[in-house]
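Some structures are shown below for you to check.
Below, subunit A partners subunit B and then partners subunit C, in two separate complexes.
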Partner chain A sequence: MARRVAIVSVGMDKFASRKVETVDEMVYRVAKNALDNAKLPREAIGAVVFGCAVDAFTATQAAEKVAIGGAGGRLRPTMRNCTSGSTAISTPILGYLHVASGLYDVVMCVCFEKMSECRPHAQHVFNTVYDEYFVRPIGLNVAIQCSLEARMYLRRYGNTELQMAKVSVKNHGNALDNPYAQLGKKLTVEDVMNSPCISWPVKLLDTSPTTDGARAVIFASEDVARDITDDPIWVKGIGRGGDSCWFTGRRNSDLARLDYAYYAAKQAYEMANIEDPSQEIDVAEVYDPFTYKEMQHVEALGLCPEGGAGRMIDEGISLREGKLPVNPSGGLLGEGNPIGAGMSRLCWAYLQIKGQAGGCQVPKDVNTAVCNGWGGMYQYNAVMVIGRD
Partner chain B sequence: MPKRVAIVGIGQTKCGFNDDGFSYRELLYLATKQALSEAGIQREDIDSAFTTSYDFLEGRSLSNQYSLDSIGGVMKPCDLRLGEDGIYAIFAGYMEVMSKPGQIVVVASVQKASDRRPDADPAITLSTLEPVYVRQVFTNLPAIAGLEYCLAAMEARRYMHCYGITEAHIAKVAVKNHNNATRNPLAQNARKVTLDDVLNSEMLSWPLRSLEVAKPGDGACTLVLASEELAAELSDSPVWIRGIGWCSDTCYPAASELAKTKFIHIAARQAYAMAGIRHPAREIDLAEVYDNYAFNELQYCEALGLCGEGEGGRFIDEGISEIGGSIPVNPSGGLLGQGNPLGTAGLMRVAQAALQLRGEAGDCQIAGAEVAVAQGCGLPYRAGGVVVLSKW
Partner chain C sequence: MENQSQPIKLQGSIEISYEWSAGVAGSRFFQEIRDNKRIMGTKCPKCGRVLVPPRIFCEECFVDVEEWVEVSSKGELVTFGESYLGTDGSKLKEPWIVGIIRLDGADGGLIHYIGEARPEELKIGMRMEAVFNEKRNGNILDIKHFRPSK
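What follows is the complex of A and B.
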């Protein structure tokens, strides 16, 4: 039977649009931070799991190999996960499997991405994710693809651009209190609505920036975790979902409803024995590379009814002081979006439960938190629920 | 000794530059379909799946996205893909099954080298080097086209120098594997070669000769893993995964010991400990190792404990690793003979070893094989893993 798995420490460092450190150095800083926080020597780590979504950002095949030293993984088992944006949460899920399966007692997950080295811009790398025969010739890119999705989403559920803008204001504002954030800003809804249109209805301030950054999380088995800390935070549920890469082959080919995300969330909640997430989840850190993505994800995660994300932001439920805070750290919009290192969502969920989130701490008791990652050809979602007993 | 995860279905396509016009998605589908039919299951029965791929070899970033449909992973908990050799998918699949018993997990990998422009390979090799300190040393080489061989030759020379291995030793490995492959129907361009053929083949970078280098090819491989409760139901001859281990060395060549493959040594020790194997040379009936270059086979046999450190030369001289020997190594022909779909070849080693234990290896069959070890390597060849399989 699967063993219980706890998170005993996280490693943080500042996100920035361009960091001068090499990948190895970036990884070293978060790995060291995580080890120090847990008061563990690096010899205590049984295996290292790397998460890095895209090799092409640093033009390095098997990009994690250069970071093996930094993570203390030399002559140890290391494995690299590179799903896509959902690397952010599927990497910790892989780390969880290392421990739950009984193979390792202490495992460190390290996620990193260095997007600034791309010339002329990281978006050019994203243009290479499309199928070379059928999709690439059409000229699809991330901005167009997202606007298609956003349009269908707004249309089907009657949510508005104004509500998207409010998400942007919330997350950029929350990031002001996050010491690791790249883009903390005091914005107004007008600022967002008047920012340059990327591809309607997505405007510049509806999008997350490109970012250099890394995060580390240490997982431990139950007995070892209790030796390391008096207050381990448990992994209560994991869920994953993948839909067809061909939009037209899906049950919901209009992209408005994220079937795969609902599917992933259902697994995680079942495992965690959560029946009504909107009541039982205390705080959510969701994957918000675009404002409408946060809205889609809170619905898929059951934090509000389907189509109800607009009302949720209108009524202030998802504000830091609201009833169910979403991205009190600023999310990817405010903290920065280094694709794989979106594992920061899990780190912040952990810090909220521990009460160590500093200025981002929500003003209420936090026992259970949910986080997710999203990516691929708009097809993958990974969900993790963590909490105290 | 745990006996909780079994291989219940095996699917492989023929290696080689496929001229049937199948795309990588179709190759993967064919292998998966074969593996599922062997286990008598439909795609609805799959609980989870893992794929592996390398973006630069595929020419696509996030190169897993389009393989999900081929492995029957749509609307399944399948959002995991490893940027490693296919053998790592076994490790992840094993952990998945162990963490929630009662599961059927598909692990798969595909590579279609014929989609790649041949002149792109040196750039891809360059991209596997550490970018800040190491790559700069090589970018100005006049003969960048041979970079891959120069790097491997460095290791080969060091290995020969430290342990008195000769060019003839290395050539004998190539002869053995090419000849073994003539018995393997899945092999790419298998042909009988002699020691003279190998020694007279084109010198790529001393001491590496053309016939001592595995040629890139197309191929897909899928295995179906199942937990103990389901294995007997799904297969008459389940092959048990008894031990797994994997390990990475540094990416700085100057900092690692090139004559030895310490990372495989450590991975093997872990896998053997899990499988309760104390004397691999006595207890292992056959090995499938990652002979990307002929000299690698000797190094890996040492690291796997099939012979002592530095005894690779004696090991091949005495014919121990021949099909009729006491520990046949790469009876399938290995990468040299069967073909080298990069990133999939390691998983194919496991598939071939499993076929041997089932007694379904055809003309390559080793009579009475009960325990086998398979080994694979990830790019850039300083990381790899080991799987110990048994029949009972």
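What follows is the complex of A and C.
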């Protein structure tokens, strides 16, 4: 039987469109911050788990190898994880598994991405994620990839561009209170609707920026967690789902419905004994590289009925002061989107439960939170539920 | 630290070329398009799905798939996207359009350019047909684009 695992600390640093720090230096700052917050010495680390989604951003294969020193991992077992964008949450799941297995008592989990260094733009690297036979020759880019999905989603459920715009206003606004955010902005729905159309229905302000940044999370076994902190936050549930890359021919080729995300959420909630997430989850930090992805994810995570994401934002339920706040930190849209370091969603879920979210703190009791990550060719989702006993 | 001089930037580039195998299924698929303007799928002996793009196995039944069948070059528009950003991120005055077309006689389809139509003329579910290039080289671009059926 797996051991119980707690999160005992997180390490934060500012996200920015371009950081002077190297990957090693970015990783050091968050790992050191996490150790300091837990009052732990480097020697306490039993193993290090890295997450980085795309080596090509820095053009260094096995990019994590430069960061072993910065993560406090010298002469420790290290392992790197990658499941495209869902690296953001599948990496802490791997960190959890290291501890739950009984092999390590304290695990440093570090996610990083440095997107600013390829020329002329990160978009050129994104173009290499597609298969070389059927997709890449067409010249697909992320903008159109998302447009194909978003168009189906809006059509199937009757949700609208206007509701997408409201998500953008919410998350960019929330990020104004996030000291680590890259893109806090006070926006109106009109600003979003009038921003340049990237690929209908996605406009510029429906998208997240490219970002440099890193995050750290320290996991500890039940045996040692209470020695480190009086208030450990427990990992309650984990779930992952991966679907076939052959999205035009796989059994569910309906891009409007993220079967793999529903599947991942179901696992996590069953493990956490959560029957109705819309009632039992206090706050959610969901993967929102585009506004409509937050909408798809709140549905897949059961925070509203399937197709109900439009109503959720219309009724203000997902606002910071709403009944079920979603991305009170600003999400990827407002805080920045350094793909793997989207683990920030988990960090903010933790800070909310701890009552340490500062200006982003939601005005209610928080005991249970959920976060997720998404990636691949409409393929991956990873979900983690954390909370107090 | 704050008063340090400007950060130093190091420059470099990596150029690597590739020669990809189109695979067992893909080689036959592209050969049929190149030589005969035929779009082929493979049929699962167990669930009966006709796989396009073709595979040598069914990922549901997990069995070998060896029977080849011709499918139509016409089908239905599943979804589409138009973009004012080129593949390289450059801004475009006129949008380009990509769509997913589910082909008649197949359980799947292809992602490809949509041509001979403006975005506002397109609708999910409309009938589409493939237009083949005169000169064909054995790759997916032997299909020039899909257009609304005439």
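One rule holds for everything that comes next: the second predicted complex is superposed on the first by the 388 of 389 C-alpha atoms of A that agree within 3 Å, B and C clash if a C-alpha of one lies under 4 Å from a C-alpha of the other, contacts with A are read in each partner's own complex, and residues count from 1 in each chain.
Everything below uses one rule, namely that a contact is a pair of C-beta atoms (placed from the backbone, for glycine too) under 8 Å apart; a residue touches a chain by one contact, two chains touch by 3 or more.
Treat the numbers as computed from the prediction; the structure is a model and nothing was measured.
When both complexes are overlaid on chain A, the residue A:255 reaches subunit C alone and has no touch with subunit B.
In the superposition on chain A, A:68 makes contact with subunit B only, not with subunit C. Looking at the shared chain after the overlay, A:307 reaches neither subunit B nor subunit C.
In the superposition on chain A, contact is made by A:94 with subunit B only, not with subunit C. Legend: residue contacts after superposition of the two complexes on their common chain; A:20 is shown touching subunit C, with no touch to subunit B.
In the superposed model, A:79 makes contact with subunit B only, not with subunit C.
Legend: residue contacts after superposition of the two complexes on their common chain; A:138 is shown touching subunit C, with no touch to subunit B. In the overlay built on the shared chain, the residue A:128 is in contact with subunit B alone; subunit C does not reach it. The intersection of subunit A residues touching subunit B with those touching subunit C, taken from the two complexes, comprises 59, 132-133, 244, 246, 249.
On the side of subunit A, the complex with subunit C involves touching residues 20, 59, 120-121, 123-124, 127, 132-135, 137-141, 143-149, 151-152, 155, 196-200, 244, 246, 248-251, 253, 255.
Residues of subunit B touching subunit A in their complex: 23, 48, 54-57, 59-62, 64-66, 68-69, 73-84, 88, 91-92, 94-101, 124, 127-128, 130-132, 244-252, 262-263, 266-267, 270, 378-380, 382-383. On subunit C, the positions that touch subunit A within their shared complex are 7, 12, 14, 18, 20, 22-23, 26, 49, 51-53, 55, 59-60, 78-89, 95, 98-100, 102, 106-113, 119, 124, 139-141. Across the complex, subunit A meets subunit B through its residues 1-2, 22, 52-56, 58-66, 68-69, 73-84, 86, 90, 93-94, 96-98, 100-103, 125-126, 128-133, 239-246, 249, 259-260, 263-264, 267, 375-377, 379-382.
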